[in-house]
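Should a chain be cited, it is by its letter among A, B and C, assigned in written order, with residues numbered from 1 in that chain.
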Amino acid sequence: MEFYDFESRLERPVKVKIPDFQTGERLNHIVFADQFTTSTIDRLGRTANRIRLLAKSTEGCRFLSELLRHKRAMLYFTQPSTRTFLSFMAACQILGLSCTEVRDPSTSSETKGESPYDSVRMFSSYFDVVIMRSKVPQFAECCAYMMNDLRQASRRSVPIINGGSGADEHPTQALLDMYTIHRAFSFHHERNSSQWTWFDELREQYPGLRKGVDGKVFGFCGDIRRGRTIRSLAHLLSQYEDVSMYFVSPQHPKLAMSSEFRKLLLDRGVNVREVASFDERIDDVPMIELLDCLYMTRFQREHNRPEDEADFQAIDFSQFRLTPRLVARMKSYAAILHPFPRDAAFGEIPTTIDADPRAHYFRQARNGMWARAALLAYLFDVDATITDYYEQYTRQTSDYNVGAL
Amino acid sequence: MEFYDFESRLERPVKVKIPDFQTGERLNHIVFADQFTTSTIDRLGRTANRIRLLAKSTEGCRFLSELLRHKRAMLYFTQPSTRTFLSFMAACQILGLSCTEVRDPSTSSETKGESPYDSVRMFSSYFDVVIMRSKVPQFAECCAYMMNDLRQASRRSVPIINGGSGADEHPTQALLDMYTIHRAFSFHHERNSSQWTWFDELREQYPGLRKGVDGKVFGFCGDIRRGRTIRSLAHLLSQYEDVSMYFVSPQHPKLAMSSEFRKLLLDRGVNVREVASFDERIDDVPMIELLDCLYMTRFQREHNRPEDEADFQAIDFSQFRLTPRLVARMKSYAAILHPFPRDAAFGEIPTTIDADPRAHYFRQARNGMWARAALLAYLFDVDATITDYYEQYTRQTSDYNVGAL
Amino acid sequence: MEFYDFESRLERPVKVKIPDFQTGERLNHIVFADQFTTSTIDRLGRTANRIRLLAKSTEGCRFLSELLRHKRAMLYFTQPSTRTFLSFMAACQILGLSCTEVRDPSTSSETKGESPYDSVRMFSSYFDVVIMRSKVPQFAECCAYMMNDLRQASRRSVPIINGGSGADEHPTQALLDMYTIHRAFSFHHERNSSQWTWFDELREQYPGLRKGVDGKVFGFCGDIRRGRTIRSLAHLLSQYEDVSMYFVSPQHPKLAMSSEFRKLLLDRGVNVREVASFDERIDDVPMIELLDCLYMTRFQREHNRPEDEADFQAIDFSQFRLTPRLVARMKSYAAILHPFPRDAAFGEIPTTIDADPRAHYFRQARNGMWARAALLAYLFDVDATITDYYEQYTRQTSDYNVGAL
C-alpha cells in the first residue's frame, strides 16, 4: 500500500470521512477531534471520573489493572513528545495493558527500505492497538484506512489512535481539554457538602452562573494560527450552546486566526471576537474580566521561518504573556489552561501564577492520563465493566468524593 | 573474560559445539539454527499452536500471562531490528515476562571501558534470560560459553538467546520460518469440517499432494549469498525427506549461493538447482510452476561495497521480483514467504500481491511472535503446563478451531 | 520554579537539610547518602534479605510482584548509566511496579523551552515515584524541595530518589555497598549448619574476628578524589565503631583524598591512613594483608582535563591494579568490592581474579537490585507486609537458607 492508494479517501471533507471510522455510533479508530460528539465526550468523561476515583484506592487500582492485562499496546511516536507519550503510557499501565514503544526511527526497518505501511501493519500483527504520533500529516488517517481494508478482507485489524499527526490533528488533546473544562465547570470543591457548595457561594457573586459549557466565554491566547490544539478544541466547544470565543494574538497572518477558521466558528453560531490584548474592551469591559476560561499557548518558535523572524521582531509579544496582575482581575472561578509545555524563556505563564487556584494547567496534564485511560477502556469495550464495578464500589463506601463525580 | 578465552571453543565445527548448549536433548541456550532437530521443531510448533489458540480468549490470555510473571527478560539489541525485537517483546508480554531493553550502546557502560562480557554478566545478574542481537559475529555464542562456565563454577547463569548475530546466525528466524511452513502444509482452512476439507479438494487437482514438509519443492529468490535466513532455513529443511530446493539469484559471486553451501545441501540429499529466472525450465516445466513454497528475500544493499555497485549495474534485477502474473501461475496452495522487511523501492514483492491467499508473509511475521513465545515457554519449562491447561480447556469447549491444531 | 528559588535551601549544610526529606524518622525522599543511619541501613538490609529469599521461589516471586502492581515508576536518567538504571528497573519489576523511562533528553519537551522543573512536575502527575539521574549537581535535591512545597500546598507530591546527580551524590550506591559489606561480614556460608560454621572455622585462624562492621579495616584504591561512591560509603562506614580506612591512590591533588575529607573522617574517629601502594607497611605489616575489605575503583578518565593528562603521564599507575599475587596475600575471608563498571583496558581488577571467593563485585551488583527493591518497598510502606509474609513463609518451610538471614 502506498499513500496514493488512500488519496481519493483523504481528499474528502472530514464530515464525510467520520463514518469510515465508526460502526454506528461506536468509534473504531480515533483520527479526528471532530469524531467526538457531545454525547461521546460525556460518556468518556464519566468513565474518566470513575477511573480517577477508583485509582484512589489500592483495591480500585487492582481492579483497573486487571481489565486489559491480556492486551498489548504499541506506542509509535516518531515525532518528539513527552506529555502525550507519557500520559498514554500511564493510561495503559492503569488498565494493565502491556506497552512497547518505538520512538527512534533510526532503529527501525525503514532504514532498510521498508514502507511505513508495512511497519504499521507489522505493529498490528504483534499488538492490539497502535497509538501513533508522526510528523507526516494524515499518516494516522491512512493507517486507519489500511486497517479498515484489512478488516474488510477478514484479516487482522486493530484500532489506530492518532496521538498527533503533523500540524493537522491531535484529537486526544482536544478530548482532555474538554474533560478539564467540564470538570472546571462542574464547580466541584473538596469542601462541598449538603450545607455548603462552592457553586452556591459563587452564584451570590455571579448570579447568572450556570454549570456546564453552555453560555461560557473562552479566551484563546498565543499562537492561534499554528496551534492545532486551539483549532480542535474550538471545534468541539462550538457544539455547545451560546458559546463566546475571544482570540488574542499578534495581527500577523502567520499567527492570527485564519479567515476560514473564523468563518467556520461563525457558521456554527459562535460569538467570535479578535482582540489585540487582554485589556481590549468588549462591550465596554476589558476582555480579561469577561473570561470563564483562558486557554494560553506557547509560540511555536521551532516553526518560524527566517523571513518570519524579521517580521516578528516588530511585534510587541509582551501582550501575550499572562501576569499575576491580569490573573487578579479574572473571575474568581475562571480556569486557566495550557496544553504544555510552556516556554520558560518566553514566559507566557510565569511560575508565580502556579499557586493561584485558577491555574488548572497541571491538573489538565494529569487529566490527560484519565481521559486517555477512558478512551482505551472505551475502545476495548470495558467501560461498562468499570461502571458496574464503580457502582458496586460506591454503594459500599460512603466516600465524600463520590457526590462530586 | 575476553574473546580469546573462547577461541579454541569457537573454532570447532558447529556439530561438535551443539552439545555444549544442551543437557541431554534439552536446549539451554539458543545459538545456532542447527540446534533445532525435527523433533524440537515439532514440539515447539505444538506449543506455539496451543499458545495461539489460547490467546484467542480472554481467559486463555490471562492463563498465559501468569505463567512467567515472576521472570524478567533483557532484550539487548545493539544491532537495529524491529521485527525480531518487537515479536520477542510481544512474546514475553504474552507469557507475562517483564521486559527491559538496551538498544543504544551509547547509553551503556562500554563507553567507560567496560568489557562487553562484564555487561552481559551484569544483565544476567538482574534478569532471567538475555535475548541479544549484536553486530559482532559469534558474540552470543561466547556469552553462552561464559554462562556455561559460570554454571560450572556454581555461579548464577541464565539462558542466552541469539536474536541474530552479525551475518552468521539467526536461529529464531529459522524457527518461525519452519513453523510457518509446517502450518502452510497442514492445509488448515477455516471452513474445514467433517464434510469438507481443503486438503481433500486440493488432492483432486494435485493427486500426489501430501501433508508436511517431506517431498516439497522450495524456491529461494534474491540475496542468496548474504542472507543468513536462507542458509539457516535450508539447513533445517534438509533434515526432511526428499526435499528440492531451487535457487534464483544473479550469477554474481557476492549474490549467488556459495559452492560450500551447495555441497552441504547435496551431501544431505537435497535436490539442488540454480536458475537464472522464475521461467527457467526444470524437467521441462518453468520453475515457478513447480514450487510448493517460494521464499523471497530483499537485496541487502546496505552491505554493497563500492566495487560491487559497479558490478551490480550490469545485472538485470527485474528477474528477481515477483509479479502478479508470476503468482497466477503458481500452484493454488503454494505459500509465499519473506522474512521482511521488504524493500519498497526495489519491490521484490509488490503490495498488489498482498491480498492473494498465497501471500503468507504477514502471517509469517505474526508466527514469529507465537514461535518465540513457545521457545520462551520451553526454556523456562512451562510448556507442559500449557499442554495440560490446553487439553483441559479444549475438553471444555467445542471450538471449531480445535481440530485444526 | 527556578534554581534560584531553592538557592537558600541548597546552601545549608547537609546535616541541616536532612530533616527536610523526612517525617520524624521516616525518609520521604532519597537525596543524600547521609540520610541513611545505621538503623535505617539495618532495616533496609533485613528487607533486602527477605526479598532475596522470597525471590528464590515462584510463590515468593508472585507475592512480591503483587505488592506494588498499582504503582507506576518514572526512571528519568539523562546521564548515561546502565547498572543503576537496570537494577532499579529490575527492582521495580520484582515488586510489580510499572516502569516508564525517559533517557534521551532530545525526545523531551525541554527542546521546546520547557523548564526542567515543569518536566519533573509533569512526571509526578503521571507516576508515583521519580527515580532520577542527572548531570546537573543538586537537581534531584531541588526536585525534592519542589515536591515538599507542593505537598505543603496540598497538591500532588511523590517521592524523589536520587540515582546519582553529577559528581556529588549517589546514595543508593552507598546503600548497596553497605548491604554488601554487611552480608560479607555476616560470614554466611551455604554449608553453615549446627555442626559447622564458616565463622567458627575462621576464628581458629583469626581469633579476634567479629561479625559486623565494627572494628573492620577497609582499603580504598583508585580515583579517591573524583569518586563519589568512595566518599559516600566512607561517610556511612564512619558511623560504626573503631573503623580503619586506608587509602591507596596516586599522590596527585586531582586523585588523592582531599584534606576536608580526611578531616571529616578523623573527626568522626576513623583511623585514616594514606599509602602509596598495597605493599606499604602499616604498623610493620604490608597494608594488603591487613584489609578486611578492599574497595577498588576505576580511574574516571572521562573527567581528565588536558592539563591533567600531562601530569598523569608521570604517575606509575601499576600500583593501583590488583593482581592475583596480591589477592593471594589477603585474608581468606576478605571481600573485594568494585562499584563497576571496571575498566578492561586499565585492568584495575583483571578477570583472572573473578573466580576467587574473595571477589564479591558481581554479587555486589546483584545486591544493588535487592537493596533498591528494599528501598522502594520502604518508601511505599510495604516492608512490614513483606516481613509478615516472610515470617509466615519461613514458619512453613524449613529451608536451610533461612538461618542464614
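Following the convention adopted for this analysis, contacts are C-beta pairs under 8 Å (C-beta built on N, C-alpha and C of every residue); 3 or more make two chains touch, one makes a residue touch a chain.
These figures come from a predicted structure and were not determined experimentally.
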Note whether the interface between chain A and chain B is symmetric in residue numbering, meaning over half of all numbers used appear on both sides, and answer same or different. different
Rotating chain B onto its identical copy chain C by a Cα superposition takes an angle, to the nearest 5 degrees, of 120
For chain A versus chain B, what separation do you get between their C-alpha means, in angstrom? 43
By residue number and range, which residues of chain A touch two or more other chains? 104
Per the touch rule above, chain A residues touching chain B in the complex are 1-2, 69-70, 72, 74, 98, 100, 102, 104, 106-115, 117-119, 121-123, 125-127, 153, 155-156
The chain C residues in contact with chain B across the complex are 58, 61-62, 65, 80-83, 86-87, 89-90, 93-94, 103-104, 298, 300-302, 340-346, 351, 354-355, 362, 365-366, 369
